[in-house]
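Beneath this line is the structure, given in structure tokens, with notes to follow.
Labels run A, B, C and D following the written order; every chain starts at residue 1.
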Amino acid sequence: MRLGLIGLGKMGFHLGLNLMEHGHEVVAYDLSSDAVRRFTEAGGRGAASVAELADTLPAPRVVWLMVPHGKPVDDLLTAITPRLAPGDIVIEGGNSHYQDSVRRAAELKERGIHFLDVGTSGGIEGARHGACYMVGGDPDAFAQVEVLFRDTAVPGGYLYTGPSGSGHYAKMVHNGIEYGMMAAIGEGFEILEKSRYDYDFAALARVWSNGSVIRGWLMELTQRAFEKDPKLAGIRGVMHSSGEGKWTVQEALELQAAAPVIALSLLMRYRSLEDDTFTGKVVAALRNEFGGHAVERA
Amino acid sequence: MRLGLIGLGKMGFHLGLNLMEHGHEVVAYDLSSDAVRRFTEAGGRGAASVAELADTLPAPRVVWLMVPHGKPVDDLLTAITPRLAPGDIVIEGGNSHYQDSVRRAAELKERGIHFLDVGTSGGIEGARHGACYMVGGDPDAFAQVEVLFRDTAVPGGYLYTGPSGSGHYAKMVHNGIEYGMMAAIGEGFEILEKSRYDYDFAALARVWSNGSVIRGWLMELTQRAFEKDPKLAGIRGVMHSSGEGKWTVQEALELQAAAPVIALSLLMRYRSLEDDTFTGKVVAALRNEFGGHAVERA
Amino acid sequence: MRLGLIGLGKMGFHLGLNLMEHGHEVVAYDLSSDAVRRFTEAGGRGAASVAELADTLPAPRVVWLMVPHGKPVDDLLTAITPRLAPGDIVIEGGNSHYQDSVRRAAELKERGIHFLDVGTSGGIEGARHGACYMVGGDPDAFAQVEVLFRDTAVPGGYLYTGPSGSGHYAKMVHNGIEYGMMAAIGEGFEILEKSRYDYDFAALARVWSNGSVIRGWLMELTQRAFEKDPKLAGIRGVMHSSGEGKWTVQEALELQAAAPVIALSLLMRYRSLEDDTFTGKVVAALRNEFGGHAVERA
Amino acid sequence: MRLGLIGLGKMGFHLGLNLMEHGHEVVAYDLSSDAVRRFTEAGGRGAASVAELADTLPAPRVVWLMVPHGKPVDDLLTAITPRLAPGDIVIEGGNSHYQDSVRRAAELKERGIHFLDVGTSGGIEGARHGACYMVGGDPDAFAQVEVLFRDTAVPGGYLYTGPSGSGHYAKMVHNGIEYGMMAAIGEGFEILEKSRYDYDFAALARVWSNGSVIRGWLMELTQRAFEKDPKLAGIRGVMHSSGEGKWTVQEALELQAAAPVIALSLLMRYRSLEDDTFTGKVVAALRNEFGGHAVERA
């Protein structure tokens, strides 16, 4: 299938290679002409603009967006929509908020354009060698492009999840689970690190990757990280986040769903962004006030 | 290798089959003569008592315990120790507290007997077809019986972790991580279940088991559970626990390690044991006192 | 001062009495004519409509709203604004979201009308005998009506907090703290209730109300609740909430502020609304899958 | 009443003054002869040793211990017990673990000596001007010395709580509640501090101390702390702890009581002791492994 690919960042670039490896013809565009050049050097076809990209595609056009969520997606949709026609299909494979996807699907539907919201998991390696997709939107549109998902996912690694928004919603929750799992793994090694025993963390992550109840890709990546840096001495424990964990907790609040483990995994990320906390200052000051306990001076 | 196996419960029985499948000669004992009979019917050799079991083993004797932690282990050690001689090796593969293992290793060492504390993961399927072992204790004793671990683990699935207690300590932390991971998965599906979308949970767990960041055995088991009961309608959400999660949190408290995700996964298990809480009664009563908010009557 | 009071619910009614007790002339309106009649029977003046209420007030008019947050406030503002003139002052004393207050203040400002967002604490007793106010908005408008706050608050119990929204923002955070404090008290009694000792809870709350570090109004209310029902046997531990705790946590998420204690106090309220949880079902199912641990049947 | 007082630290010294102010004759001992001298300068009587202290007391002797928990208490009991006779009463007013108190009461009972475990709250100010006591132990012994509690507590500020251990148990839970309340207050100000508004924290704590639902001594102390240092700029947010919060959480674990708010208030104290966390390093490393997200270099 010939398709357009917009966004050649870490995920989009490798997805492009993956698509081509499976015989698809990819015309790619990125804000960075460097990225486009690298893609053409890797055997792909480049476009100098969104317009050019759209014009090279046969109807019904298939355009796969792989760009940061929020304004970039809206800007691109604004740019490309005039070039699209009824029956065309936009695949939005980034990490968008599901409510944005619901809105965008409705807006494009007014022009007869299909919009599939696709949660993509598996990281960069997945994009390159076999990803995992959760796809929401019109089922017929999904059927038309299903081959793209089948070809670039691992076997069994894609699912039509239901109406618009359900793909990104599932991805949001997936990331919430991921936050919790990562925090659990991290806390486990925190305890080991403080313990009386001197474990070989890479070896422990390796053995836990083989046959244990907690085996899985995250544990394999833990092993890999420890193999590179046995005590992670070179890494600061600052845990950034890119939105979906927060959205999951926000959604839990809306649904009145008790999700303390996911919530705490997020709050501890926020805590890691601070060198000191005002909470701590207040508590230390109070201990001083009532009990005369010494405070540490700033 | 000929060895004794004490404890033919879910784990021990399947471990026995696994050992035999790999050519080891297993003499097994259990408090339940039924269990012993089933084991002999499955091709094993039974012993009518701990004494008989010990007497059938050539020196140096190897005895593998697979019984519930606490008193059962101590009782068995009391019973069998008089039958053991310097150089013999006791493998304790249950879920014991590591401090018990440190103590037991020291007690047996006074008689020249080696004690290996072995954390065993992988569940019943692992015991039968390939487990995961974390082994603490004397390294020479470990080397003498390493073949048993190699044969019954999955490839790469065993590790000598260090001095006495380190095997069970690693298993304790492993279970703490497991608690956190399971809670994260559960909370994710709780959100999905309350959401506006009507997901096929089994299909979602399947796609997440294939190529996603959160793929792993727990997700595969989630898939399996949903395939049996698509909305888990037949299961009450009462989450029992068998000790190691609690020990992990207790250890975190001793080490002053902040492990909120693991701690919360444990506390929510405790919460699930209650139909109502006194905390809730107090808060509801307070809301009524200051704001006149109606309480629900018991 | 003569002023209008809209909303004669639990808070508004008692505030009206409080205002009158301090010599203010209160013209009150409520959707319920019964409420208005009760207020006139208590010595107040009633109005049959918002229009009538506005018309009885001398310029500059002062109208105090004490109604549920959200639509009721907007509806009343829509109804009354045409009757107001530049220089008039609207006091909004309910539990509104601060962003609504920022918006409303801006809308009214276009007509030259002042809008004060007032967080009100102290419960029904406070409304009647001495409340606590946090007031945001135009400082001159505040100065014009400060006497109302001074007269109806406890000594020292009102504060001009800054620009529009700051009053309701402070009240929101106040309620977040309140959630955390109430949960802490509840959990303490939960532990006592499960303990080996048979405490007299009312007596304990009484002694803690006298001289302890944790003395305060909430502990006095705890005492009062236990004096009515020593084991709270008649109350179910269902903890409803009316919004501000949730807003506090949402705001913490926006600010990337780690507020785990407040967050958990909210999530445990949500948990209390459920008889069972899907999280629990998933975890119980998983324990069954890997370890053969029995589940409880629904 | 003439009594012995052992321990002239912050709490003991002020308690001694308080007792004398109410007409009691206090013979005091402390490891520090300086402390004893200061006490005699303040009008008290000093003893050069535990033995001397015991010898100056008329039978039945009353000795009040106000020393750090653990070994200091046991050492003093070992030293003084030989000087005591049946019918004598030891008041232990420190922050001991209730299980230690149960043990000590049993040990002293064998010699006919009464042991009252007394949880003392109210901080240094309370010790000096009116404390809060929770008293466990023999009810007759309590009755004999009740006057001491009545005189040095605020009105209503003492309670006989039941058998041995119940006083310190109640104090332990009191401190657990205190941890939760302090964390809630701290988190509230953390949110305010990060907010768009520029609050006067001292003024806000003052208004919350007057008429609000969350008024109480901790809020008054918050006000006092902010009056000294408006943004707590001179204080680091390192939150030390002295044991009882941890004991409360440990007890909650034993009782399988879900106390997440108290637990988190403790875990965040532990978190504040660290500049960086291993949990954070692992999570940051994992994000890098699967998504190529940059880590911050140590």
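Just so it is clear, a residue touches a chain if its C-beta (ideal position, glycine included) is under 8 Å from a C-beta of that chain, and two chains touch if they have at least 3 such contacts.
Everything numeric here is computed off the predicted structure, so don't read it as measured data.
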Under the document's definition of touching, what chains do chain A and chain B have as common neighbours?
C, D
C-D compared against A-D, more contacting pairs
C-D
Centroid comparison with chain B (C-alpha atoms), farthest chain
C
CA centroid of chain A to CA centroid of chain D, Å:
48
What's the distance between the Cα centroids of chain B and chain D, rounded to whole Å?
39
Separation of the C-alpha centres, chain C versus chain D, in whole Å, is 33
What residues in chain A touch two or more of the other chains?
122-123, 183, 185, 187, 190, 194, 213, 217-218, 252, 256-260, 264, 267-268, 271, 277, 279, 290
For a test of understanding, state which residues of chain D touch chain C in their complex under the given definition.
121-123, 126, 130-134, 153-159, 161-163, 165-166, 169-170, 173-174, 176-181, 183-185, 187-188, 190-192, 194-195, 197-199, 203-204, 206-219, 248, 251-252, 255-262, 264-265, 267-268
Using the touch definition from the top, list the residues of chain D that touch chain B in their complex.
213, 246, 249-250, 252-253, 256-260, 263-264, 266-268, 270-271, 273-274, 277, 279, 290
Touch list for chain D against partner chain A, complex:
10, 122-125, 182-183, 185-187, 189-190, 193-194, 217-218, 221-222, 224-225, 229, 232-240, 242, 260, 264, 268-269, 271-272, 275-293, 295-298
